[in-house]
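Order as written gives the chain letters A, B, C, D and E; numbering starts at 1 within each chain.
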Amino acid sequence: MSLPIIILALAGLFFGIVLSIGAKVFHVHVDERIKQLEAVLPSANCGACGFAGCAAFADGLVRGTAKANGCLPGGAEVAHKVAQLLGVDADHLEEMVAAVHCKGGDNEATIRAKYDGIHDCHGAVLISNGSKECQYGCLGLSSCVAVCEFDAIHINANGIAEVDPEKCTGCTACVASCPRFLIDMMPKSQKIFLGCNTKDRGAKVKKYCSVGCTGCTLCVKAASHPDSIKMVNNLPVLSFTTGENFLTSAYKCPSDCFVDTVVARPKAHINVKCTGCGDCVPVCPVPNTITGIIGGRHTINKDTCIGCGLCLPVCEPSAIALWGSLGYTDRERRTTGRFEIT
Amino acid sequence: MTTERTLDLHISSSPHIRDSRSVPHIMRDVVLALIPAMIAGFIFFGIRSLMLIASAVIAAVVTEYVISEKLLKRSNAIGDWSAVITGILVAMNMPVAAPIWMAALGSAFAIAVAKWTFGGLGNNFINPALAGRAFLMASFPAQMTGTIFSQSGLFGKVPSPLCGMDAVVTSASATAWGGADALSGATPLAALPNLISSGANIQDTLLPLFWGNVGGCIGETSAIAILIGAIFLLGRRVIGFTIPVIYVATVFILALFFSGVEGASPLSSDAATVALFHILSGGLLFGAVFMATDMVTSPITIKGQAIFALGCGVLTFVIRKFGGYPEGVSYSILLMNLVTPLIDRYVSPRVYGTGKK
Amino acid sequence: METFMSLLQISIGAIFIQNFILSRFLGLCPFMGVSKKLSTATGMGIAVIFVMTVASMFTWAINHFILEAYNVLYLQTIVFILVIASLVQMVEMILHKYSPVLYESLGVYLPLITTNCAILGVAMINTGINPYSGSPFTFVESVVNGTMSGVGFLLALILMAGIREKIELADIPKPLEGLPIAFITAGLMAVAFLGFSGMQLR
Amino acid sequence: MAKKFTFSAGIHPPHGKKQTEAEPLIGFPTPQKVSIPMAMHIGAPAKAIVKKGDIVVAGQCIGEPSGFVSVPVFASISGEVTAITEVFHPMGQMVPAVEISSNGSEETVTLEPILNWREQSPSDLINRIRDCGVVGRGGASFPTHVKLSPPQDKKIDTLIINGAECEPYLTADHRVMLERTLEFVTGSLITQHILGVEKTYIAIEKNKPDAIAAVKKMLESIGDKKISVIALETKYPQGGEKQLIQAITKRQVPSGKLPMDAGCVVTNVGTAHSIYKAVAHGVPLYRRVVTVTGKSVHKPGNYIIPVGTSIREILEYAETDLSTIKKVLMGGPMMGLALASLDVPIVKSTSGLLVLETTTPAEQEYNCINCGACVQACAIHLIPSHFSKLVKRQKYEECEQKNILDCIECGSCSYVCPSKINLVHYIKLGKNRIAAAKRAQSLRKDGQ
Amino acid sequence: MINNIGTELKRGVLTENPIFVLALGLCPSLGVSTSVSNGLGMGLASTFVLIGSNIIISLLKKVIPEQVRIPAYIIVIASFVTIVQMVMQAYLPALYTSLGIFIPLIVVNCIILGRAEAFASKNNVINSAIDGLVMGLGFTVALVVLSTIREILGANKLLGLEFIPGFKPMTIFILAPGGFFTIAFVVGLINFFKMKKEQK
């Protein structure tokens, strides 16, 4: 009876000692990030990722040879954690999402000739530079969709690539995939961006795209901060650092070039504190939205208010507040991609 | 601007003209090339052979239709004739006495599992017909190998498994011979060792083997019918010479050296006879012409095809000599199918303007 | 000559007839996982050959000289797994320290091998009866069996990797993508390997 | 002549030349307006040196070269410069261009003819060729003066005048060889003189026996012994530089290198003709022979057309039924470009306009069945079907390892593919992505 | 963490089924699923080991040092496997012989080590035991499903009794290829239904 115990104990002791000595003697320093990643991974060493175990997968992630969603047993949860771990970068403390700067789809843009070729934007560019008259617009052939590991980008019914900000992890894989350089990153907190990339002049743009930017600069004038929008090469460039929400600019745009990812916004509301000074009326960009007689409590037309919030700071008695919450675009609106004020 | 609207311009990559030959053309040619062998099967094995073929083809086409159109909703598959070929090949690889439903099951397996799980024509890595046959072999070994000839051919005579050499019939029932409709026995290749050891004159067996009046699977017995099909396919450039010629030659040469005839040198006529016997029997020609040449599952380059055919030949002979199955053709092709992706990866022609590869 | 033939028969049996993956169902997890790329498959296969050979040596010796000698065969499972696990880990550590190149190519696969039933499997099989001679495996036979089982594993792995690289692009029906198609591929490979069944040197 | 001049692999497409091969060269009426792109050659685009309102004469230089690999551009009609603008190049991109409206004058200017060219130094002749804006007639439009001045360390011993015209439907070179025999043979002699080579071959496919006979007769009558005529087997792409060199000299151009690395210079019949005009008459390259053909074209022919003429105008002049056409190609059906718009000008390298009534690929695409037809057709001995699969999987490095960059895009593989896969397009895409990756890499290196 | 047995059971058997969903423990699931009795025996044996090792590891989780945890877990598991081996040999010799090598191989079944690492080493004893139970049951259910299909198709038998009189069994299903095909199509079917559900 004692023999097996002795054998087992000796064996255990022997291997324990050997291994612990080995661990000291043969110690090799490992990258800190690999350890962090390993902690996130399930450690099943199943090999489903195509790498030799979780450690090798983590190594691959750090080197960029593995894909963030490569861990099958871990699923989406692990993929997101991994993406976050990899994406942690001192420069980008703010959460970023991708945005596609074109909204001139099948309904808006003119087609020169029908493209019969392989389903790839780069491929289409090689054949007479694509079928669109516009040399800057989205080709809608899914090159960005193919590189997205998070199923966050799709070609909508109008033939334009569209990012789902909720699924987007900000990995920037799509940015380089676009032959027309239409995709860039913007803060997730921002909801409005310019949906056009043409550098052509207005008259020419009007010929080929009904939602093309004509370079009219109305949006620049509408912006409340002078540095928020600058014209570069006939095209407004939005700066997201000024705190501007671009609602007024988008509203003023005669070509409807802006894209709003939000369907419902908080609307302004005037409460009983209103003194009827009328200061808010001139700052409101939408005509006939704030009405009332001087001295009497003013009212806001909820149907036309765009929720820009310009009236809030001018109200001395602080009688105006925004009511309601942000709602994301429903499917129907997403397919048209139009920014409408009704 | 108005004229621009009426203009229907298309843009695409060059070239802007295409050869008229397409996948359905190729597949139809293979079906045509199989007709002589089907006729031979009908002549030697009777109407039942055609029933087996019909059942296999119907099962294959129905399976293909259901999977591609109904389950996967891919509309481009059914017109390409490839299911018909698979059905014919499965049936041609069965003994005539096999139950009709078995042919249907085999070809349904071939289409459903070996082909469509990978996404249909061109995506499979293994010859569907052979996979179907191997599936049946593993599932119903008795019905697939025991060559019970329950039907007589057009000549009213049961094909003799041993080419008329009654003396060495090992397990044939005596009453069956000559008129009755059941005869059980081995295929020619299975009987070869007995023939050699009994010292029988193998030369006399070659002619029946050539015409096909012997036992075996429906499609494989008649060398002449297969050769007619082969010539047609070669003429239509559906298959090349590389695979069939190297395959058959490899088996021939190996059989010359390891003929099994006591004391015969590789160059003796005895060895040559045995080698010819090897070529004409056991479905070698059928496999070499119709199955090893399957484009999808054989290498793409000529050099690769040569390696593939050599491997098939060696494996066929090894299985015949040492293995548990007397024929070895279908398994050797299946095994080489597994190697094809590796060959395709590493064997490529010497590119213009580069030195040694 | 006779020993050679018997070793050859063991080899053919281990590589083709009783292939660890395609016939015995051992080592499937790494087989499914690592067969996506040919380069990884080759590395893993070679690592398995190496570990199987070494494990066969050690376990045969321990089995013969300790467990059988002291009649404590019931400790086989525990002791074998301990030996294999320690062995693999030692090899990994040594490689990591002294031969980064070899570690890159082989060592990274070692964690996967520890919990690979193929290794313990071959050790267990080696304690049994050699089916070709009818007597227990000798030391040489068990080492040959170990190595050749590894070769069979490598063979199945690289064939599978080649095929998977080919079908990676195939238009596989959605529900079958991933694991199921790998199983079907393995199944069809197993069908082809049935051709070797009953093969005997004569 | 038992010896066959050809290469291994290749295809036999229907040649479709019947419609125009008997049509003599005829002049095209001076168009009302031309838009002359400043970029009609590989290399830096020319710089416009005229401005709006200038009066120019046909043959007058309107664009200066900007760099060694660049050539001048000339007015192709006489009239007023109406705009310095941008037009769609046939390739699809916007390029700077000069728009000239005709004033009805047929006046032309030329440079001083060099009649005693045999006594001139090669460099003087090369300068003349450059000053006349001569570029190669292949799709790439490589400036001819660059081709004719190989680096010192490259020994050139063979000149090949390419009259194969293997591209189906095109007959422009054929007609030039028949009708301008003396001029193009003289052009060949000038080229030979410039390069100082001993061996010159005029290579013509066997399907043009009249041209072969005419050239042979001409060589006999002028008593030249250095130039020999080679009757090539009729096979596509026999006129590819690499194939031509292999067929005639049995040499191979090393992978990634130029013909001069095999000791050869290959120039086109049309180029030789232009060289003759430039040297012996001082006429710059501003007009060229264009084959206009296709079923819907009711007046097909080989027209001599001023560069910059709108394709719409040409097709209308050739009485083309625009309602039935699906495709307009610049060049032949195997390598030509499909035009996205008819309002684009013809350029120096436009050898033909082909109108097609069907789209390609008209048929459905099947899965690749691994048949190897593309492998057997490939004149470079590549495996095109691998490229299509690898490009789909975006494995560009592997493509490069498999020599995708050696592909000459002749279209043979797509032509024979029974699965109707657009192989050439995949290869073009693969090459493009590899080039893009390399550009990005070198940018990154420069940045560091 | 553990709320109620019902949801836990659903997790083990359906949503996180070790074989069909997590693709762990493939070797025994194919190796022994040739007959229902084998599958059931294997499943229950593994469940026992799983529960036992989960309990012990959960108890010892504070004692075992981080560096040697894997070897320690393996020893615990191996001990339980040895117990199973002895019990089976004594009371179910027929099953013991037919399962053969796969009994000791329970040691290296990734499910068991995986649960020890992922669950038992972080949770209390009762929860660990329940986790072992549900995971073991999930494994057993999967094995029974596989072995039922294979036994019926391959031998026309269920638990050793003839299933459909006159049906010709396809021997291939009790051979190696049939094992691969069966699991492939079961997983495929599960994926198919999952996808349908997701679409809705």
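One rule holds for everything that comes next: a contact is a pair of C-beta atoms (placed from the backbone, for glycine too) under 8 Å apart; a residue touches a chain by one contact, two chains touch by 3 or more.
Bear in mind the structure is a predicted one, so any value in this text is a computation, not a measurement.
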Report the chain whose mean Cα position is at the greatest distance from that of chain A. B
What chain pair has the highest count of contacting C-beta pairs? B-D
In terms of mean CA position, the chain most removed from chain E is D
Starting from the mean Cα coordinates of chain B and chain C, work out the distance between those two points in Å. 34
Rounded to the nearest whole Å, what is the centre-to-centre distance of chain C and chain E, using the mean of the C-alpha atoms as each centre? 22
Return the distance between the CA-based centres of chain D and chain E, expressed in whole Å. 70
Using Cα averages as centroids, what's the distance between chain B and chain D in whole Å? 50
I need the residues of chain E touching at least two other chains; which ones are they? 23-24, 71, 75, 110, 172, 175, 177, 181, 184
Scan chain B for residues touching two or more other chains and write them down. 8-13, 113, 117, 119-120, 122-123, 135, 138, 344
Where does chain C touch two or more other chains at once, residue-wise? 29, 32, 74-75, 78, 82, 85-86, 115, 171, 176, 180-181, 184, 187-188, 191, 193-194
Chain E - residues contacting chain B, complex: 168-173, 175, 177, 181, 184
Contact footprint of chain B on chain D as seen in their complex: 11, 13-14, 168, 242, 246, 252-257, 322-323, 325-329, 331, 333-342, 354, 356, 359-372, 375-376, 379-383, 385-386, 402-403, 406, 409, 411-412, 414-420, 422, 424-425, 428
Show which residues of chain A lie in contact with chain B when the two form their complex. 112-118, 123, 126-128, 131
Please give the residue numbers of chain E that touch chain C in the complex, ascending. 23-24, 26-28, 30-31, 70-71, 74-75, 78-79, 81-82, 85-86, 101, 104-105, 107-110, 113, 172, 175-181, 183-185, 187-189, 191-192, 195
Quick one: in the complex, what on chain C touches chain B? 38, 158-159, 162-163, 165-167, 170-173, 176, 180-181, 184-185, 187-189, 191-202
